[in-house]
Structures are given as C-alpha cells and as structure tokens.
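In what follows, subunit A forms one complex with subunit B and a second complex with subunit C.
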Partner chain A sequence: MSLISTLARLEAVESGRARPLATVRHRHVAERPLVLVPLTTAGEAGAPLGALVGTDPEEPTLLVVPQPRDRDLRFAFLADLAEAVLPYVDGFADDVEAAERGETDPETGKKVKVEVELCADAPQLIVPSRAGVEYVRLLGRSTRFRRTAEQDPETPFPAPPRVPLLGRWLTHYGERARVPGSSLLLAATDLLNRHWATGQSSLEDQHLGALLAWIDAPEGSSGAEAALRAELARDRDGQLLCPPAGPATDPAFDNRLLAPAVERYDRARQALAAAEDGQAADERLGDLHRAEREIRRLILAQLRPTWHAVWRAIELVRELPPGARVADRWTRDRWSFTGHRDRVRAGEPPQPRRDDAVTAANKLAARESAQTQLEAQEALDDPLVMAGRRLTGEAFVAEVVEVTMAWSESKRPAPRPLLTVRTDDRPHLGEGVKAYRSLEGKPQTARFVRYEEDGSLVLRVLDRMGRGKEPAEGSVPEKGDRLVWTLFEHDQRVGPKLPDPEETPWTHGGPPRVDAVEAPDAVTPEDLL
Partner chain B sequence: MSESLGSGPVPRPQTTLRHRLAELRGPASAPHPLDARALAALAANPGCRRRALLDGAGVDKAALASALGAPSGFGQSQFAFMRGHAFEAKVKADGGAELLRLLGVDDREDVRVPDLTAAGPQGRAARTALALREATEAGAEGAWTLLDHPMLALEVAGSPAYLEPDAVVVGPGGRWTVVEIKSFPMIDGSADAAKVGAAARQAAVYVLALERTARVTEGASVAHSVLLVCPKDFTNQPTGSVVDVRKQLSVTRRQLARLTRVEDIAAALPEGVSFDVAACSAEELTAAVEAVPHAYAPECLAACELAFHCRDRARAAGAVEALGRSVRGELGGLTTVGAVLAAARGEAGDPDDPAVAALRRAAALRAESLEEAAACR
Partner chain C sequence: MTSVPFDPSAEAAGATRRILDDTLHGDARGVVVDSPPGAGKSTLVVRAALELAAAGRPLMVVAQTNAQVDDLVLRLAEKEPELPVGRLHSNDPDPYDKALDDLGNVRKSARAADLAGLDVVISTAAKWAHVKGVEPWGHAIVDEAYQMRSDALLAVAGLFERALFVGDPGQLDPFSVVGADQWAGLSYDPSASAVTTLLAHNPELPQHRLPVSWRLPASAAPLVSGAFYPYTPFRSGTGPGDRRLSFGVPSDGSGPDRVLDEAAESGWGLLELPARHTPRTDPEAVRAVALVVRRLLDRGGAAVSERSEDPVPLTPDRIAVGTAHRDQAAAVRAALAGLGVAGVTVDTANRLQGREYDVTVVLHPLSGRPDATAFHLETGRLCVLASRHRHACVVVCRAGVADLLDEHPSTEPVQLGVTVKFPDGWEANHAVLSHLSEHRIAWSPRVSP
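Showing the complex of A and B:
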C-alpha cells in the first residue's frame, strides 16, 4: 500500500466515510453484466447449494439444490445454471467486427496481416468477492471434464448436455480473471476497493457488506458503525442481518435453519418413496414440495442481500467517469473472449488440467506485462494514481521555462530541442535516464541531460517531431506548458517470443502429447461431484 | 527462555502458578484446552500478552467475548463437521492400511494400532509416550505402527498444553511422522495455499511436541515433513502429499520461545483481577481484560475470539495497526491516526523527520490531484 492510499485510509477513519482512491473508473463495467451470487455447501468441495443469477437487478433467477449430496439434484442445478449463463454468453458471439491480426506465414516465415473476426462486445460476469471468483474456477474445473450421454453413451453418470460447455466457459473466465486489469470476470469487492479507501484494513475490505457500509453508509451513521452492523448484527434467531457474500454460508445459518430444513426434505422424500397408493403419494408429494419451497425460501433470504449489494456496487462504480485507456484493456478482453469462442467452435477439447510448459510460460509473461501495462495506464488516466508515482520518484510534473532548438549531428539533421523545466517533485533522474510524456495518446521520449544551477532540469526531446528538419507543429512543448513526465514506459515492450508448444525443448518436458486426451474425472457412487 | 521449550520432559508447572491461573479463570470453570490451532495463532502474534495469558489460564475466550458484548463469529457448520469426520474415518479404515498406502507402503496387513485410551489428558499423554517407545522398538524390527489420536504435551509460556494430532505413524528405523487429515480438496494435485499453510503451521506444533518426547526415547527421530491427507479432486478418495514443515517449525519454535512467560504477565496484574465469566459483571470483566495489554492486528479477526473487542479498543485509541501491520512500517514513530493526520497537515510533527516530510508531500500531492480532478469535471 502506498503512502497516499494509507493516508486516504486514515482520512476515512477520521471522517467516518470512505475516501476516493481514484478519480476515474479503472475497470470496464458492461451495460448489461451478468451477476452471479453462488453459495456452496460447507465442507463439500464443489457441491453448490444455490445461486442467484441474472442481468436484471429486479429479476434474478434463483437456483437451489435442496439436498447438496444428491448428484441428480446437483446436475439439475448445473443444467439450470448453464441455461442461465450460456444464452447470455452466446448472445455476444455473433455480433462481430472485422479486425486484423499479425501472424507469421508458416511457409514464407514473413509477418502478414490476417483478417479475423473480433466480437464487438463481450459478456461480463460479476461475482461478489474474490472467493466467488475462485468458486467460478472451481465450478469450471468440476464440470468441464464431465461427459454427457451423447459424448459417451457408456458413461456411468452422464451430465446434462450443456454442462461441460458451461465448465469450459467458467474455466476461461476464471483464468482470465488472473490477468491484471482484465474485466471479463470481476469481484464486486475488488471493484470497490480499487476506487475507494475505507477506514478499515484490507482484510476487512474483503467483506462486501462492511465495505459497502463504508462507501455508502446511510445518512447520519458513520461508516465504522454501519460496517460493524454488517459484520456482526444478528436478529432474534441468531441469524446475521447481512449474510456472508458467499460462497461459504454462516455456520449459524447452516446449523439452525438449513440443516433442519434439509432433514425435513429428506424425510419427505423417503415418505414419498414409501407411499403405497396414489392418494398417499399425492399428499406426500405436496409435503415434498413444501419442504423444497422452505429450503428455497431460506437460501433466497441468504442470497438476496448480497445480490442487491453487488448491484449497488456496480451502480456506485458506474458513477465515476471511465478512464481513457479502459476501453483499450476491454478490447483485450474482447480478443480473449473471441479467441475462446473460436476454440469452442473449432471443437477443441476442454482446457487441460495442467498447462504445458510453453502455455504456462506464455500465460505468466502475459500477466506480467499486463500488470506493468495496467500500472502505467492507470497512472496516465488518473492524476491521483500519478500522484503516487510522483511520490515515489517515478514521475514528475514540470513547467517548461525555456525551449532551445537544437539538431542532431547526422547528415540529415533532425530536431532534438532542449527543454529547461522546473519541478517541485523529486524524480530519480540520472545520466541518460529517459522520461516520457503523453502526446495525443502516444508517448514522446526525452532524455535527461543535466541539472541547472537553480535546480531546474534540462531534457532533450528525442522523437515524434515528424520527418522534416523543423519539428511538426505542436510536437515540441512550449514555454509555460505544465507537463507530466514519467520515468516508466507507457507501452509494454513485447518480450522474447517463446517456441511453439510443439517445439518445447526436452528440458521442459518436450512437446505436449497430442494423443493423450484428458480423461474425465473418475466417478464412484459416493463421489460428491 | 528457550529452554522452557527445548529440553527434557515436561517440567511440572509450579503449583503456585497453576493455582494463580485457576484463580484468574474462576475456580468453578474447567480449563479450556489449548489446541494446536490456538498455539499456531498464538505463535503468529507472539507480542499479544492478552492472548498468552487467557490461553495459558485456559479461559474460554468465546464466552468471555460474549460477556464483553463483542461476540466472535466463530463456529463450525455441522455439514463441514460431519464431512470432516466421515473423511477421517475413511482414511483410517482397515487398520490404517489406506494411510500407509499414502505413505508409499503397500500391502501391510500387520500394522500395529495400539490402544491409547487413558484417564485425563496427562494419562493419555503418558500412555502415548509409552506407545511411542514401544512402536520405536517394534520399528527397529521393521514394523509399522499407527497411533490414532495420540496425546502430546507441550509447555507453552510456562503452562502445559495438550495436543491431539489426527495420527502419528511410526515406521521402521523409529521414524515418527505426523499425519494431518483435512477435508478441503486437493484438486489436480494442489490445494488452497492458505489452507495448506494453516495445516502446516498446525502440524509444526505437533512436530515440536513430538520432538520433546523423541529426545528421551532411544532410537527415535521425528520427520520434519508431515503427511497431509485430503480428498482427491471432487471425490471422497483420500490422497496424500508430503509437506515440508521445517520453515513453520523454526518460526513456531522461535515465536513460542518469545512468548512472555504467563507467570510474568500474571505477576504484573493488579490484585483481584478475575476472568471468571460466571462470577464477574461485564464491567469487571472489561476492566480485567483491559489490565492485560493486547497487540491487535487485523489478522486476529480470523484467529482469536476476542478480536472484535480488541479491535474496538484499538480503534478507540486511534492505533494505526488497526488498519494493518504494514501500515505501521511507513509511518515511522507516528502511532495514532490523529498524530499522522496532524503531521500530514503540518499541524504537528518535526518537518525534518523523514516520515513526517514524506507524509506532508503525500498529503499535498493527494490534495492537488483531487482538486485537479474536481476542476476537470
């Protein structure tokens, strides 16, 4: 945490309200995101308990597993989830624009431009918290290797038709969420934490209710009080007024409300199975429905506050104006979505359990460069973020006090003007250090030359001044200009290219085996998912 | 102080200390046992005298927190509880054959599973020590022994703690291995790092306790890696992974040695202080708790029943640690929210102090950027 954000937290403590950490919105928020609030069964990996899902804050779809240990009921849940998620995802697949991508021609080895499709927009998934993001990954892992009866008639417990496809999409989204700055799958807590500092620690900020309480405290109450209520307040039955944002449930809910309701449901099912005649069966079916409705009611009550909290978070973040470079990052997300759409359409198998060496190295390199890019872009978009970089000496704001024209000493002299600038910041400048400023969205480079006696700096501008002897108009700063210079680059350089997976050297396990198809998870009757 | 952990069998705690701790706890209440999870948490915050004393005296902190009006949210879902028990039973089924298979030992029908029942924790600890000695002797002849829920004793900050690992396996050559059975899944060979870390810290406490017994048992040695057993993927099938706990072991050993002796903390208390939840009023309990200094950090929320109470106090005092331990580091000698903000605004503090100077620059830059952004709108 930088000193500036620590200061923001302390200000929040004093004022009892969250304080801004950003002056613009740094994440893309779709017009019609899909919000997913999942709940899981305590102690059972990947045994979902229920979910609220949908694109309309007023009309969520409630999905409930009345007995999470029952495989058929879980499959029914996953099939319903697929029905809620996949039509939304498919809705973005066909609206495309033409784009170009640089590829290497396999025969000539030359770089060529290839016309490809790029989806005009991409589906966005928003979950309450980081644990929710992890749960999306987990659901993806647990379903993408499932076999349907159509794929394999012999499979002992066939999954409903669209479930494996759901798993592949959830896996893709879970994986994309690990790329810094991506917005395909977002956690509401991360969205809020990026833009506001609360008067509590970052650990406590993972509680969506408490976090919102600081940002959006009701009139007349302090954020700290509201947050405490969100964390601890319970009703007369000992139930939290603000249930956890999931996927884990509150143990008091499990023990006092859910367990007895599930037990009633089990008894009603046994009674139905034991019914001897039609009339008795009808009556007992009624009991079973009542028991199921009761569980649905309980789970809805746990999910609804979080559902509203997520939409409230979206609303709050939308009020901020978007950063100028957010759209650029969203385009990368659209490429990611389009790429996976193409892989699914091409009939490629589901993502493997473990990446091969080249894919893994590529992913890591991509995440690293996304991280540096994100840091640079956020600073350029937002003076408050830039202030943090200025404080650490990685950027400075300076006023131009003098411009001296000069030229390079080559056969065709090019302009290399010298700028004398004055700054109150303390950048880490040394011999030959380069500084960059944004000129019409593109970086212009200057090299640090020397300090003048009065403490001002001399910089030599190196590029973006056109081809002529005289610099293009507006390309050289003028006297009196106040400019932001950064010592970090604005764009990422692409690292060395890795070999194709087929060329993986033996030191890294050799080429991945193409004949080894990922086998579905082994299933036994007592398996939980 | 390291000798209190390091050497020899458990020294008898002084009867006066035991008497004093019983007084603090309240004579009517049974001591709340100190388990490995609590010890690992204690080791994570060795500067907290409040926790050291209350745990040492065996005070029921959950009841105390409720009495103070700041109840903890701790609890276990019965679903998780049932699942955990069912899984542990499955792992230990067939006289431990399944467990040994995970250790890489196949087809052993002759695993010894000694009976460890005895009266009271001390009795069970003595019984375990005996069983460990026998198992080590049998191990010299190539036999395997599974100790199901043994009881180990460890002296912590001058008071005894009894610990119950899920299992200890003694193999040929007298090697003792701690087995930790957890019900979180290991998916594609990897499990949640935070959960594995917690399990490793807990197991390190068991290894530490075993080492004390091993030192007085001829031919015995304790493995510094433990066997973590978890469900495989989404199934109920156990799978194991050997986890090296040397790092956790040295951290825990050092931190536990750093714990101020409970004796010293108790001696510093004023007369008449009592944590007897049954006998004292809320005001008396509050005053009693106040008499022992705490070292609150946000990590406590996940590990200590009293955390909400201490957080309340830390916030009321304006302590910057309430925002996280790392916050303290960048603020130099400024320890309260008021002092930091006053220094940042130039109302107080020495401008030559680098921390104060940095704060002022940060405050100026922050204000400038916020104004700039507001002007742009």
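Showing the complex of A and C:
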C-alpha cells in the first residue's frame, strides 16, 4: 500500500467516512451495462441458486432454481440466463467501424496493414464482488463444453441450445477480467475500492454493503457505524438486514428460510407425482406453484439489496469525470470483444481447458505490460495518483529556472538543451537515469545530468524536438514552466514475438498434441448424478 | 574408519571435468549445473565456452543482464584474447560497457546477422528473444538459469539445439508483477523458473552441482549451506584462519565498533536495535547501517586472504550494503552521503545477485516489521544477502524478529502439482537468526564508560 493510500485510510478512520483515492474515474463504465447478481447453493460448487440480471435498474429479470440439486432445473436456469445475456451481447456485435491491424504476411514475412472490423462499443458485465467474477468464470467453465442435441444427437444429457455459447462468452469475460485495467467484466467492489479508501481492512472492503456504507453514508452520519450495521445487523428472526452480495448466501438464511422452503417444494413435487386423478393433480400443481413462488420471494429478498447496491456503486463512480486515457483502454476491451466475436463466428471450438505453453506465456506478457501501462496511465491521468508516485521518488514536479541551449556532437547537430529545474520532491535520481514528461500526450525524454550546488537538478532533453537544428516550437520547456517528470516510462515496449504453438521448443515439451483429443474425466463411484 | 581429508580443489576440478564431459561428449540435449554462491559459476561458464569454441561448435551465450553479459565478454577476452566474440546489444544509447571498445576481437552489433560466423555470440535473454530468422546455434550456455523465467526460455529456446544451464537455485526466484496462479502446477507455468520447466519436461537430463564455494569463508559456508541448501551441501574452499580481518584503530566501545570486532573475529555480527515497529525506511536502523560502514572505513580495516599474503586495505569498493527494498537502499545511500562516505555499493538483494564483496552490511528484511509477508520471508532474498561476503557480514536488525516469525508461519496456499520448495523462508530465517544470535551486540551509539 502506498503512503498516500495509507494516509487516506487513516483519515477515513478518523473522520468515519471514506476518502477519495482518485480525482478522476479510472475505469470505463458503459452507458448501459448488464448487471448480474448471482447466488450459489451452499455445499455444491457451481450449483446456481438464482440471479438478478438486466440493464434496467428498475426491471431486473429474476431467475431462480427452486431445487438446485435438480440438474434439469439447473439447465433451465442456464438457458434462461443465456436468454438474458446473449441478446445483450449480440446487440453489440454488428455495430462496427473500420479499423486497421498490423499483421505479418505469411508468404513474404512482411508487416502489412489489414482492414478489419472493430465493434464500436462492447457489452459490459458488472457483478457485485470478486467472488462474483470468479463465479462467472466457474459458470463459463461448467457450460462451455456441454453438448446440445443439435451438436451431438447421441449425448445423454443434452444442454439447451444456447448454453454452450453462454459458457464461451462467460469464459471470455472471466479471462479478460484478469487483464489489469480492463473493463469488460467489473466487480462493483473493485470499482469502489479503486476510487475510495475506507477505514476498514481490505478484507472487509470485499463486502459491498459495508464498503458502500463508508462511501455513501447520509450526510452527517458515520460511515463506520453504517458499515458495522451492514455487516452484522439482523432482524428479529436472525436474518441479516444487508444480505451478503454473494454468490454465497448467509447460513442463517439457508438454514432457517431456504431449506424449509425447498423441502416444501420437494414434498409438493412428490405429491404431484403421486397424484392419482386429474383433480388431485390440479390441486397439487397449485401447491407446487405456491412452493415455488415462496422460494422466488425468498431469493428475490436476498438479491434485491445487492442489485440496488451495484447500481448505486455505478452511479457513484459515474459522478467522477473519466480519466483521459480510460477510452484508450476501453478500445483494447473492444478489440478483445471483437476478437472473440470473430472466433465464435468462425466456428472455432470453445476455449481449451488449459492454455498451452505459448498461450500462457503470451497472456502473462500481455497482462504484465497492461499492468505497467495501467500504473503509468493512472498516474498521468490523476494528480492524486501521481502524488503517490512522487512520494515514492518515482516522479517529481519541478519548475524550470533556466534553459541553456546545447547541441549533440555529431555531423548534423541536433538540439539537446539543458534544463535547470527546482523541485521540492525527492526523486531517486542517479547517473544516466531518464525522466519523462508528457508533451501533447506523447512522452518526451530527458536524462539526469547532475545536481547543482543549490540542490536544483540539471536535465538534458533528448527527443521530440523535430528534425531541424533548432528545436520545433513549443517542444522545449520554458523558464517558469512547472512540469511533472516521471522516472517510469509512459508507454510499453512491444515484447518479443513468441514461437507459434506448433513450434513449441523441446524445453517446453514440444508442440501440443493435436491428435489426442482430451477425454472427459472418467465417472467414479463418488459422482452422484 | 578413516576419513579422507576434503580437498576442495580436487573436488571442484572433478565436478568441472564431469560437467564439461557431459557438455562436450554427452548425448543429452541439456545439462543442468547447480552452483551455490561463489562456487566458480562464471569460471565454469568461461571454461565451457572456450572448450566448445575450441571444439569448433558455434556457441551462443544467454545471460540475464547487460552487466553479466559485459562481464562475461571481458572474462573471455582475458582468457583468450584471440577468440572472435560477438556482443549482441540493444538499440538503446550506451548499450554496453565502454571497456569492450578496447577489445580488438570483440565485434558489437544490434543485429544478429552481423555477428554470424563468430565463435561465440553473447547477449541478454531479452535481446535474444527478438532474434528471428537465423540459423540455429549448435550449442548454448544459459547463465543464471534459475533467475530466468520459463517464458523467457520459451522465447529463445528455438535458437539452439543443445544447452548448458548454469545457475544458483538458492537465490531469488523470478517473479511476475501480475498474478499467475491460473497456471500454477502446469509444467510450463510461464512464471516459474526456466530450470523448473526444463526439468519438468526433460527429467532425464544430467544434473550436476559445484561442491565448493570459493567466496564464502569457512565461517559462513556451513551456515549458508545448512540453512539454504540442506539437501545439496557444499563446503568452503578455504579453511578457518585462511581469511582474517583486522583493524588499525581499536574499538571505541560503541555498538558499531563492537559488532565490527565480533564480525572480524567470527565472520558474523548482529547489531540489534531495540524492538519497535517502524516504517520501511526506519531512520534509526538506516543510521546504524551507515555508522557501521563509516566505522569500517575509519578504523582502517585490512583483509588477509589466500589471494595475497600481505593485508589488503579494505576500500569502499570492497564493501556493500544490502536491503530488501529500493527505498531502503536510497535512504542508506543518503545517510552514507551525510556521513561523507562514497564508493560503497548500496543495493537491493535483487541487484546484488552474483556480486562479491569483502564485507557486507545487511539491513535485515524483517527488521521493525509488524508482519512477515511472503516477500520478506522469501528464502532467496535472505540467501543473497547472507552470501555476498568473503570475510564478514554484519546484520543490523530490530529485536523481536524471532517472535515475529513465530506469529507469522507461512500460509501460502498449496498448489497442486507445484513442487514444494525446501527449505521454506520461515525455516531459513529461523536458522540464520539463531546463528546470528550468538554474535549479538546491543546497539549503543555512545562510548560506554
């Protein structure tokens, strides 16, 4: 944790209210995001219990699995979820703009520009918490390999038609969420934690209700107390006033309310199955519907506070103006969306269970470069973030007190002016250390030369001054300019190109085998279907 | 039972011979050599390079940093001034050490094609990764292979047929600035070390190790070996009494002077400050470190070793200060400048890897901390800090680290398919601390009456 966020946390503790960590919004928030609040069944991984989903805060779609251990009901839930999610996703697929992408021509090996489509906007999925992101990933993993009756008429348990496709999209979103700074799939808690510091631990910050209480407590009241209430307060029946944001539910809810209701539902189903004539069946069907409605009511009561909390979180971050480089990162998200759209359209198979060596290395490299880029961009977009970097000696604000023109010693001398600057910051400068400043959105490089006797610094400007002997107008700082210099680079260098998967070297096990199709896990006596 | 006296030179020579034999005449595609601190890894790399070149095998050498590459080029030129060597470098300004310009046999270029046909071509892994479309080399030497990441090896492995991998398994593991848990347990986890991946896919490769540390004195080798290499022990090349450290100026009775005397006598010294939770750049501890260095120079230290019979004065360039964090290093540099000390190396464990000094002063990674995180407990970090010296190591630390360790047992999640590394940092920290406690001096800035 940086010094400045520690300070913000201490101030939050002292004042009882959250403190801002940012002056601008560092994540893209779509005009019409799709919010998904999932709940899962205790004791069984990947057994959904219910969800609220939708793009309109006032009109969520409620999906419920009245008996989560019944796999047919689970599939029905997933089919409904696919109907709620996929039309939203598809709605972005056809609105495209023309773009260019650099590719290597396979025949000549030369870099060429290729005209391609780029989706003008991308669907954005927002879940309450990181556990929700993890759940999206889990749903994707458990559904993308399912076979529909159309794909495989022999399959013993065919999945509803659109479920495997839902799995592929959820998997793509879950994977994209691992890229630092990406906004295709966001957790509301991450959104809030990026922009505000509370006076509670980072573990407690994962509780959406408590987090929101610190940030959004009514004027004059204590956020700390509201947070405590959100975390612990229960009604007379022992139920939490602010249910957890899921996907896990509160055990008190499971035991006292949900379990009896599910049991009533089971009994009603058995009774219906045992009905001997039409009239009895009609009556018992009525009982079954009542039992199901009761479960839907219970689950909606658990979901609704979180649903509103997520929308409130979205409102709060929307109040902040977006950082200048946020759109640039969203464009990368659009590329990611477009890429997956193309793969689906081309009929490619679902994402494999495990990455091969080359894909894993490529992903890691892309994420590392996204991380460094995110850190640099957030600092450049936001003086408060930059202040944190200044405190760690990675950046400094300095006033130019003197500019001395100088030229490089070559046949065609190029301008290499010396700047004497004064700063109150304490950057970690040493021999040959480079500093960068933003000049019309592009980094200009200078090299640290020496400290003067009076403590001021001398920097030599190295680039972005044009081709002539005299520097281009406005390219050299002037006396009196107050500039931010960073010791970190603003842009990322492009990493090396890795071999194609078919050329994986012997050190990494050679090319992945394509002939051996991975067999599904064998059924064991522990598998209860 | 008769015990054969340990002959370090013969042991080391035997190990080197077996390694070179496997490299030159074996049929395995790779040979792995584990080298404890100061065991002559660089000497081995130079020798293997010369023998491969002499046998007419085109050789590429992969090192991890530009400093390591330049150092290797200089060593090769020193041994064999006529050998045609290529130094492949980046397009940055000042991409290599200017000393290379004085070597007539060394050709330097940013393009691999310009260096084709030379006996040996040397560069960093990062630069090699950009080399495409060239004829593969018959042989490669990968230096510091345990500090190289698996994905970096993936990028260069297509450039060579066979390779000798040399490195120190006890030093800092490579790391990633983003989470890589999703690949944990895969044999090709891109964030694992190159050797881990290599051996997971090629378990039959011959593995050797160098058995003798020429750097560490007899006082340090048993501790470092026992704490960090419990299953692959090594010995020091010198015996007790072969290395001596003495001071021209007697102690003034202050904490720094007494800890220096203790370290000169026993090879280790622990200067213990009162227990306290502090910020990372603990001003008192930083000042204590600076004072120890100042006194080390003021007291006219002189070192006697197997390298020369006469005492060699302890100059600033033979002293290093090691820290865990960069801001700590910056604070120590500032404190040293304040005391008028120049020329002493101050750096983090990461950057001190592979370097050697007569005396090191270490700010303990856990000093003053309220918690013991995985970063601060990392075995390699402590190992690097405790194994840079030829004569003595002084550790500056707040009291109470043993209790801190007991309150923070390692709680890293167990990942399926990942080999558990022994010893873990917790264990190693305790081993080092318990040894250091025998050489403890309490901090007292003033001369005692």
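Basically, the second predicted complex is superposed on the first by the 512 of 529 C-alpha atoms of A that agree within 3 Å, B and C clash if a C-alpha of one lies under 4 Å from a C-alpha of the other, contacts with A are read in each partner's own complex, and residues count from 1 in each chain.
Keep this in mind: a contact is a pair of C-beta atoms (placed from the backbone, for glycine too) under 8 Å apart; a residue touches a chain by one contact, two chains touch by 3 or more.
Please read all numbers here as calculations on a predicted model, not as lab measurements.
**Q** Determine, under the contact definition given at the top, whether A:Ser142 touches first (subunit B), second (subunit C), both, or neither.
**A** First partner only.
**Q** After the superposition on A, what does A:Trp506 contact: first (subunit B), second (subunit C), both or neither?
**A** second
**Q** According to the stated criteria, A:Arg318 is in contact with first (subunit B), second (subunit C), both, or neither; which is it?
**A** Neither partner.
**Q** Pick one for A:Leu364: touches subunit B only (first), subunit C only (second), both, or neither.
**A** second
**Q** When the two structures are overlaid on chain A, which partner does A:Arg354 contact: first (subunit B), second (subunit C), both, or neither?
**A** After superposition on chain A, A:Arg354 lies in contact with both partners, subunit B and subunit C.
**Q** Is A:Ser201 touching anything from subunit B or subunit C once the two structures are fitted on A? First, second, both or neither.
**A** first
**Q** Taking the superposition as given, does A:Met386 touch the first partner, subunit B, the second, subunit C, both, or neither?
**A** After superposition on chain A, A:Met386 lies in contact with subunit B alone.
**Q** Looking at the overlay, does A:Pro20 come into contact with subunit B only (first), subunit C only (second), both, or neither?
**A** So A:Pro20 only meets subunit B here.
**Q** I want to verify the contact counts: of subunit B and subunit C, which reaches more residues of subunit A?
**A** Comparing touch counts on subunit A for subunit B and subunit C gives B.
**Q** Taking the superposition as given, does A:Ala42 touch the first partner, subunit B, the second, subunit C, both, or neither?
**A** The first partner, subunit B, only.
**Q** Jot down the residues of subunit A that show up as touching in both complexes, subunit B in one and subunit C in the other.
**A** Shared contact residues on subunit A (touching subunit B in one complex, subunit C in the other): 354.
**Q** Report the residues of subunit A in contact with subunit B in the complex, numbered from low to high.
**A** 1, 3-4, 6-11, 13-14, 20, 23-24, 41-46, 68, 138, 141-142, 199-204, 224, 231-232, 249-252, 254-255, 258-259, 321, 353-354, 382-384, 386-388, 390-391, 521-524, 526-529
**Q** Using the touch rule from the top, collect the residues of subunit A that touch subunit C in their complex.
**A** 109, 178, 180, 354-358, 360-361, 363-365, 367-368, 370-372, 392-393, 428, 432, 495-499, 503-510
**Q** In the complex, go through subunit C and note every residue touching subunit A.
**A** Subunit C residues touching subunit A: 29-30, 94, 126, 129-130, 132-133, 150-151, 153-155, 157-158, 176-180, 182-183, 186-191, 194, 197-198, 201-202, 326-327, 330.
**Q** Can you list the subunit B residues touching subunit A in their complex?
**A** 71, 73, 75-84, 183-185, 187-188, 231, 233-237, 298-299, 301-302, 308, 315, 318, 320, 322-324, 326-327, 330-331, 337-338, 340-341, 344, 358-359, 361-363, 365-366, 368-370, 372-373, 377
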